[in-house]
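All chains are identified by letter, namely A, B, C and D, in their written order; residue positions are counted from 1 within each chain.
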């Protein structure tokens, strides 16, 4: 069964090729069958492969399938090879299943668009293929191919409605900002190949363990550069600014790429190269700090957004911050657990938001929504479940188990401590506040004028409802595969992942403390919901009163703009850069390049003079060349 | 004797080469190329006296090839003359640069 | 080389030099005042009509081309003919193939009309 | 085993023009001529599979049919088949007799096959001249077009003159070594201990001239742009690929047997030629506006790259040369194929300006063309990249650092003009609707299939070069 592994990325690739080749000639249902079907097949194969992997785990906990070697020269031997272990299996499981559900959803969602139906599915299929390549890659070369591939697809899909210039600009912004991280990662690759002489990930990690001293400069440099790549792709501080703007893409894209899968590539990268990070403890701590700061920063920013998708975007940044925090404190499996649960509920939330947006004729402003609970009960319940999971409502949602694990580990780990724990807990409070602010604004309250104008509002069709339902069930039920000590201590998930990632060892573990901390986390979640209830529902207008305060207005503006990072970067990088470019328009370096161009062109014209078109001139050329050649051969 | 033969044939070859370079008439240029080939023939026949029969056999083939080349060359030159009314190669320079 | 032939070589040389000397001397010494009439080719006192170079039909070239190709046949056939007995049947087969290939060319030329004068 | 059965592929290739000639005499039909030439090229190809494993001993002193020769014969006759398919569409739109074109084409390929299998100066010269003489006819085939005639006479005079140089070189080497047989040369050279004589070196120099002319490397390159531009486009494709490929195959074999590359002075001269070709070729192409001319210049540069691997000459070098050649075949045939297929009765699509905005009218064609240009420029994931990569590796393994660095530098110049063409295709289409190239000509099915096949191969060998490489390794292995 494991030999079927190559089929998993092959199906979406075939879908992409088919759609680009003949997509324009297919009818929409045909496109839908090809587009969603290819990912569905790949999900089925993942299931088969996953079952046989778990039934009979291969020796060493990993299965390598080498398709072919690209070139084989002087030790440089990049292969098209896939590496399946518990880590990549978890990831591809999420990508194919959530990916399939989102494709299914798009079948209906994209039907409204006048054009680009097959283009959309072609890009989406290509994305899934690239993402799977990234996850399954056995060497960094192939991983880079997937990494750049998902970046490209993200760019194409953010700018999908390219006729609006703002969308194109958002796409460019995403591409350029992540490129900063990609450059760092590329440098890491060069450095690793130069130092260790291989790009094969497993061999590389092994050699790194032997050659690098823990805490040495080289290990720190490599880990820092890799972190740079991860931070860019996963929209963490300081490269988080692109993600909110990326919401310009169609909602399924936001769900698939900018919530569930691509943005977690950074998490995957760090987990995949965890040996390098353990060799650089300082960087690992930095990962935790970045995670904590990001989750707080994004949490505050989400509080004041009015666009429903931007709230979700900031919450994504914040939740990935949790994953980074978990990675930073060495709780590898906790990070992956949160990744999986997050993929379920965040996809659910985006799809739910998409359903709302769709029925409100592309209205994304929450202040213009309201009272949708009665109009769209199914969507409401699904959205509510997703929000519960996001806000980590205790016991009943999966989000509680995954997030609580991280919060507890932030305190309990050797690297962690009170500060990280406090940050994570504060983040949890913020999460439930902004989440339920969103729920109350959208679904409760009186229906706004705009909503009344559009009544009666219909529930979406089956292609949208099935993914919502499935994801809602998962958001509730998936938590039970990993239960804390206080609740029965079930470690199915971490036990599985520990075949690929190092086991987590807590330090302070005492039953009482853990219980206390869990209660605190639960209190933060529920307290947040209560707070919003009092502010939004119990006494309408109180929010406006707070917002009217001068200090609050300043804060709101700061948070609304995502802590002003855009303005900061604009002032710090873009403007000085443009200024330098303007000042240096005629500088020496330009002179150099222009001189090169000038000389080359001059040489071209001089050389062209020899092509006179006269036979006798050519014959003379040959004769002179003959004399010189023979002369040189004899003399030299 | 080998040196003399080589010198003669080299001289003939150089004369032929110069002919190709300085003459303008395509047919004469072609004749000069034939002269080059025949200079080599002379050398080959002379060498084969010392080192074996291969040289002489080669000469047969060279002669044949020269004839074929002359036939095709002449045909092309005729076509050119029909079209341009001249065989002066300096007039053919539509294609350049 | 025998010394006996030296006088003959000398005679050849002297007569050649003599001829060149006389032609060159008259060429150097004579006065040159060309007029169009004088520059005209001499055709027994008649005013020349048309180009001196007679144009002949391009068909001659075609015949010449055919001739060049086919007369080379002999170059390969004569060595075979001389050593026919030594070469035996394999030589005969080789020569036959050679002639057959040339015949194919001849057939082509015939059908194409290359042998027709008109 | 009958020793003649190994000769079957070459005999069949030789029979093809003969059969064509007889058929044309009695029944003229364009389609029939195409079919006969395709069959004539495909039959030996089918037989190659049977003979490839039998390491045939030299049957006649003139030819040696080893795996190496068979590989190249297969490559060259496949390329000829592509040219035949392209020629059909091309000749359909020109006046006059069409059938003789295929006669000359198959005859030229027969010459190439003799070249690749030759083990003797006689077969070397005969193969080369069969090729050249057929090419004179092909280049000047459109005998009512001035440019075709002009390029015909240029090619005729210059090729004949340089063949004379080659012949003189052969005579000199013969005088020194006393043999014309490649295999015998190896033993004579091995027995030699003293310094090489002037005769031998002079001979080598002149052989380089003859080969250099066919390969169009500096300073024997000047004919190439004029002839490329004036010749019918399928013939240009043939000149770029098959004619050069056969010469490279021979050069490798002669280099191996004849000791050409064992002398430092020869290697230095070849290095100078390689560097000059890379730079001059790329410089000349830089601002060229005629696509066919530009490709001639680019071909000069590419042969310069190829010479680097020839100089490296180690086993690695021969692999690199052959792989590079295959990649170059695919790419060049593809580009010239697209030029041919886009041209119509009114206009040949050979100006870069004709391609302005092509993407918006023919996205598929311009996509394929972009891929091919990427391959020429050596962008990763195309066959051209892998080829260039192997050439560079061969250079590095032989410590030819200066050459390798110069190769990379000149490739950068090359990138400029390839990108220039690509950008032109993606510009907005010219406003003038009566622009000469409407590019509305639909590709015929065979044309489309061939071009699609070439594009697929281009990507396939760029991503998965291993099978081709192992085939090459097996073939070149038999050369030693």
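Going forward, contacts are C-beta pairs under 8 Å (C-beta built on N, C-alpha and C of every residue); 3 or more make two chains touch, one makes a residue touch a chain.
What you are looking at is a predicted structure, and each value in this text was computed from that prediction instead of being measured.
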If a chain touches subunit A and subunit C alike, it appears here: B, D
Of all other chains, the one whose Cα centre sits farthest from subunit A: C
Which of B-D and A-B has more C-beta contact pairs: B-D
Rounded Å distance, subunit A centre to subunit B centre (Cα mean): 73
Centre distance in Å when subunit B and subunit D are each reduced to the mean of their C-alpha atoms: 26
Between subunit D and subunit A, distance of the C-alpha-averaged centres to the nearest whole Å: 48
Cα-centroid distance, subunit B relative to subunit C, in whole angstrom: 15
Where subunit D touches two or more other chains, by residue: 153-154, 157, 161, 165, 225-226
For subunit B, residues that touch 2 or more chains besides their own: 17, 20, 29, 68, 75, 89, 92-96
Touching pairs - complete list by chain label: A-B, A-D, B-C, B-D, C-D
Residues of subunit A defined as touching subunit D within the complex: 68-71, 73-74, 80, 600-601, 603-605, 607-608, 610-611, 613, 615, 617-619, 621-622, 624-626, 628-636
Footprint of subunit B on subunit C - complex, ascending: 58, 61, 64-65, 68-69, 71-72, 75-76, 79
Residues on subunit D engaged by subunit C in the complex (per definition of touch): 18, 21-22, 24-26
Subunit C residues touching subunit D - in the complex, by the definition given at the top: 101, 104-105, 107-108, 110-112
In the complex with subunit B, residue positions of subunit A that touch it: 608, 611-616, 619-620, 623
